[in-house]
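Here chain A shows up in two complexes: once beside chain B, once beside chain C.
Our next item is the complex of A and B:
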């Protein structure tokens, strides 16, 4: 019951926070003037009329009400009008089309990074102060100090270019369709076709980006796990576990690991949530048509509809993520009960 | 619990292995498989091999709709899927060799062009008597069709123009048919119908005299239809040469101006009443303002206006006597034909084609306005499904932000033309979107793309490659210096001076502090030093190959501006070649004189530092290098002057708003220039003289007087000497409606206009708000796989494009060739 009340309260607060930030974003972006440069032989009056026809001359509160009505009544998040790549395109369709490659690459990266990182951390903790621990810790420090775009560049140059072991950039749908003529694959813009993503050509072409993103995460998890597990392994309850007859591996798996996971597990959830935002640099290096950088570009271009849709989306995702992470503590460690007095 | 864990582990493993499992069934690409996209097209070449041209773009196009395209990203697909009525082509000698710099005009989708102006004299189209170039009949080929086989007739162009000008859409390209050189009768009226305009300049339209106005019960005058009319204090007025009353108020009656300001609304508009009429009468009746008489009072009014409805039948485009005859009637003469009846260069320049959309697909692509808006939009030509082609290639696939693929359009009329035999060798064009130049560079070296621009980081190694070629363009990169002295002063802080930039000597000193050749060499890949507003790409007389920069008038301008006396040299050419842009001795003198003048005027203190803010849209390696160069050059140039150790620069990022911010006076120095109208430098001067375009927006080009003698332009060939504002001279040069003289291209020989173009260029340069730095050249590498027909840039045909491109390898051969070098080609 405590938990139920707690969740209801958090959801209520979440809605309130969302509304305040969303309205603030709308007002702030609308307060910025649209910079429209007029080239030779262009009619300023026609451009002004176009902006008027979009309703941009109306009072901001009226624009907000109309914007909300369009979303709730028509599911219409608007049309891009400033960014060269997305002019005249429905913002929701663009976002939905660009989200899958970003998510996939991040999920693959997490699927690689989480087990490898945790395993290395456990190994290092169990071999604390031995040469294996020193080796892993040193490697972790080196890897964690280097930003992911450096790995991306190195992978691109060495693995993809010099060794020709992997493609230089992610495959296009046309490449995939050409590679599998027997599958009769079809690409329809604005829709999601799993078959275009889940095939070896696409997967192999994603690997350089996946590795680039995974290296940093592996190092992060390894360091975090080692630190947590080392601390837990020296706890008194571990001594108790051993004295009551458990083997070292039994005590480690049943008690030490579970306790050390309390702070680690929420960070894994956090990482899965953050996959939605993508990485601008990695996506640019490997020519991934994802959402990385879309938000920043929308702000720079003052593309109202893109900015508002992305603001709302990421705001919602981060609020839900924080709630899920908080709740996850209770799942992992039964001693933690949210909302209990 | 253990079972659950096992299931979870299995699921995780399965997710990871799913794509790998597919690896084991990886099919081998079969280039002969007819189902493989790209292999089913009809190859007009007889060798039966596949030729793919692989290219890349940094920004994916959003649409390639002729009615709405906005930039070069959008036109990249348009150029492959559309056709032209007439085209430029290389001119070949009797041996089949290309004649450098020359061109011929050829009919393409049209078979004839006829000036039919005489047929429409005395009709509703208001074509002047004995006029030429007002109405044209274009005869289309009868085998034009869309890629789906739908025939194309003249009525399709008429229907498309109606969509283009549809006021509900406010299409981005609608103004191409009323705001530029091509002005179709009633096109603007059709686009603007129903639109309310808040303030039309009465001095420009001359619509109302005081007697025409109607006085209401409240004592306020209105237009006869009851719409509002005002005196305008803050609206630009043609009567004030594009400036506002407020800007000229210091020349007018101060009391009357103050009283009008009291009565003005937030936009500076004052209701017309007997009281305000008296005030404006008093306002303009001062000696400084030329004691204007009361009858001039209406010239200070603006009025609200609603464009009336227009029937499309009154727009100057319609079907002629047959289904394949298209008639277009213009409001302003456009010389598409030469005196001998052959096509002039303007035919392909101003009306290469008219917009054309596939009727059925366009109707299906219309999107109604959402709630609260009135704007109709369209997603025509934004995906494969919504795209139609009547050009040599058609779109096979498009993935936004990733790749598009074009293949031959077997229904294109051009493949049946004898003159195209052996051309268009590329069967397939694949364009990848690659944002990072480094990634594109590796793909180029790996043989995956067939051309790339040379980045400054590898320029030293690859500029000398035999696969390198250099392309000039009409862009002159210039240092722009702030013209708004009030804003300069407003941004000064204790001990920091900026307003010295308002002194012409100081700006000239900056210009003479920079060695243009050294700057171009050290900060660009392949650009060359630039000294004037125009470069070798600007033609003042296209028909006769007249390059402006090659004329004596233009050369003399440079000598005058850069302190080079031709008398000291063997010839004018040698004198021009001696210009470097830098003259440190003169610069030091000018810094000193500007400083002393500012000190005397109290504009600078003896302890002040001069800090110039250099603004940019982004700070990257290239910008940093240019900024560093300029900062060092200026710092070195003031050594030995009172400003030694007191002149600094600072670099700031102004993002996308950099240009507008500069015009608003938000910072002091930027680099910028203009491109466009390269074949009409007289018109191009607009960029440097009109406040609507100028970087130096605060420079009063209307008020800056120039006395000049136009030689041999009088009625009897006599000289005309005048003193006018620069903007007035510009208006004469371009035959503006309210100009004192018509010295436009249709009224004067190009050689006569040349003298005024040069005079205006000199005036702009002499103000030193725009300091030219370099003429833009881009360096590129072309893959061993393909060759252009020429590597000497032709301004009309470039390098011949895909049309003339030849392949040294087919796709299969190229793959084998690249493999021979282990996937790494050497272009050094």
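Our next item is the complex of A and C:
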């Protein structure tokens, strides 16, 4: 019951934070004059009518109510009116189309990073202060410090360009369709076709981005696991376990590992929630047609509906991830009394 | 009882032990202050010392780089764009490393172009003996030449449009310095027909239009170039004593253009030296220690200026954060209760806003320089971390006995806060302020790299902008991204090591827990 109350309180606070930021953002955006662009030879009246019918000339509070009503009743987050390729298109459907590459690359990277990172961390902790530990710790320090765009570029230059081991660019749907003529693949815009994403061509072309994304996480997990495990390994119950007659490996697996996972597990959950958001930098370097690229384009083109929706999305993902991380501590280890005085 | 009963006359007070030796043991060691102690601990950490030295060098580079360099950020010369890094020491020794050379693999036409430049200017363009090999290209066998190209001398000759005064001044300079800058002009009718080679001053020999609208060179019987210099007709106002091939004036040296201007073929290296000598801007010769970028800007100067901006930004932001965060966190932590709840909620909301959103909204609303926007954005949300840390320290110390004593003795709130509790937090705050610096530099670099903020305004640039430009030429001119990337990596690495060392030194009890 206590836990339930605490969770409700945290969720309530999160919703409050989200609402305050989102509404502030909305008001600040609506204070700006509506800007739109038209293609060569197109009619301005058409897009002006479109904006007018959506009430973009009404007072801000009224616009907010309209905006909320459209979101909750029709799932309509507005339309694009600046970027030429998305002009007049519903924001939501463009977003949905951009989501799969982002999520896939993030999931692949998490699937790689979590086990490898934890394994390295465990190895380093067991070999504490030996050369293996020093090697891993140094490598971890370097990877954590060096910005991701540096080693992503390095990977692109050495592995993809000099060695030609991996493709330079992410495969487009046209490439995939051409690569598998026997499968009779077709791409219909606005729909999601699994077989277009899950094939070796697409997978291989995603690998450079996946590796670049995973490096940082691997280093993070290795450092975290090493720190936790070394602490647990020196605690008294480990001595007790050994005294009882357990072998070193038995004691490590049954007692040390399980206890050291308490703080690590929540961050894994957090990682899998954050797969939605991805990394702006990595998407930019490997020109992945994902959400990050859309967000950057929207910011620079001043496409306000896109900006509002994507800002809200990123905000929500980061808030939910941090909330779930916080809460899962208490769920995994009941000794941690969340919010206790 | 009356108050007088407690009054003791002054005379009754006597000093206890004057002139006597105190039989207390003297301290064997010197007392060590907190900072001294921290410094000692820090000195033991070799990695941190090394990191501190590297940071020091990078700061020196940022301060003195733009001063010692003759170039400025606004300097650009498109003719010397894409030249590779050259260290004159290696170049003079003939070592093929960092000498402005580039390994090239080209076909015969391009190779002959370089050979033509070499032959006309008399300077080495092809630095190593070319290796030939056959390769199939588009179903045709063709010979490829592999050699090291001198990217500086490959610039060769350029057309320059000069006024009569400039033209005469250049001739006078030629005579004074005994150097041939003005090369004979080529016959306009015989210049290459192909669109892309029309303005190429380096083609001083006969060509014809080959297949695919490409320029093909016409050789004589012995396989030599056939010059197409315009014969002398005495109309070009050339009075200089410097003559091409001998002392007779065989050729024309300029072509009259509309507006009383002269189209002159100048040896660009010598012309560059002349140009900067008369401008007197300290540039003596084209030599770029880190090469140039696509616009012909000197990368050394740009990188040093970008670094300087990053350091200034981060130090200012860190100090402001420290100041605001410390005051805010002190008030929060000391008063607690409702004040704390409200203030903490504000911090929570502010720190939840993604930085990109803050920057973008500021950008949309204020039409000012992006530098200002960057500062405002950091001031708006940057201090929350510092406030949280100060608050934690206050919670730890505010209920200790010595605070109670101070309060009993009548100390005011502000005195207790800043005289008694705050000094306890200084160690933590200093270390976290130092760790704020790489964070700020990283955000600034990422944002300018992604193009969300544009710091590239004339006499200013940023490391992120350099990285983004270099990214576009990654496969052709990797030196453009190499140096900014090395700089930012070294900086991040040393700051992290340095910060960890500082943290261990100031809070030995925290070692390893807050990683």
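The working rule: the second predicted complex is superposed on the first by the 299 of 341 C-alpha atoms of A that agree within 3 Å, B and C clash if a C-alpha of one lies under 4 Å from a C-alpha of the other, contacts with A are read in each partner's own complex, and residues count from 1 in each chain.
Simple rule for what comes next: a contact is a pair of C-beta atoms (placed from the backbone, for glycine too) under 8 Å apart; a residue touches a chain by one contact, two chains touch by 3 or more.
Treat the numbers as computed from the prediction; the structure is a model and nothing was measured.
Using the contact criterion defined above for the overlaid structures, shared-chain residue A:94 touches chain B, although it does not reach chain C.
After overlaying the two complexes on the shared chain, residue contacts for A:25 are found with chain C alone; chain B is out of touch. Of the two partner chains placed by superposition, chain B and chain C are both touched by A:300. Shared-chain residue A:7: touches no atom of chain B or chain C. By the touch criterion stated above, A:153 is placed in contact with chain B and with chain C alike. Of the two partner chains placed by the overlay, chain B and chain C both lie in contact with A:161. In the superposed model, A:284 lies in contact with both chain B and chain C. Ranking chain B and chain C by residues of chain A touched puts B first. After overlaying the two complexes on the shared chain, residue contacts for A:79 are found with chain B alone; chain C is out of touch. Comparing the two complexes, residues 153, 156-157, 161, 284-285, 300, 302 of chain A contact chain B in one case and chain C in the other.
Against chain A, the residues of chain C that register as touching in their complex are 345, 348-349, 352-354, 356-357, 360-361, 364-365, 438, 442, 445-446, 449-452, 467, 471, 474-475, 478, 481, 485, 488-489, 492-493, 495-497, 512-513, 515.
On the side of chain A, the complex with chain B involves touching residues 35, 37-46, 49-50, 53-55, 58, 62-63, 66-67, 69-70, 73-74, 76, 78-80, 83-89, 94, 97-98, 108, 111-112, 153, 156-157, 160-162, 164, 168-170, 172-175, 177-182, 187-189, 198-204, 284-287, 289, 300-302. On the chain B side of its complex with chain A, the touching residues are 12, 15-16, 18-20, 22-23, 25-27, 29-30, 33, 35-38, 59-63, 65, 68, 70-71, 73-74, 170, 172, 174-176, 178-181, 188, 191-192, 195, 197, 367, 369-375, 377-379, 382-383, 385, 396-403, 405, 430, 432-436, 438-439, 442-443, 445-446, 448, 655-657, 659-660, 674, 676-677, 683-684, 686-687, 692-693, 822-824.
Of all residues in chain A, only 13, 17, 20-21, 25, 28-29, 31-32, 141-142, 144-147, 149-150, 153-154, 156-157, 161, 223-224, 227, 230-231, 280-281, 284-285, 295-296, 299-300, 302, 307, 311, 314-315, 318-319 touch chain C in the complex they form.
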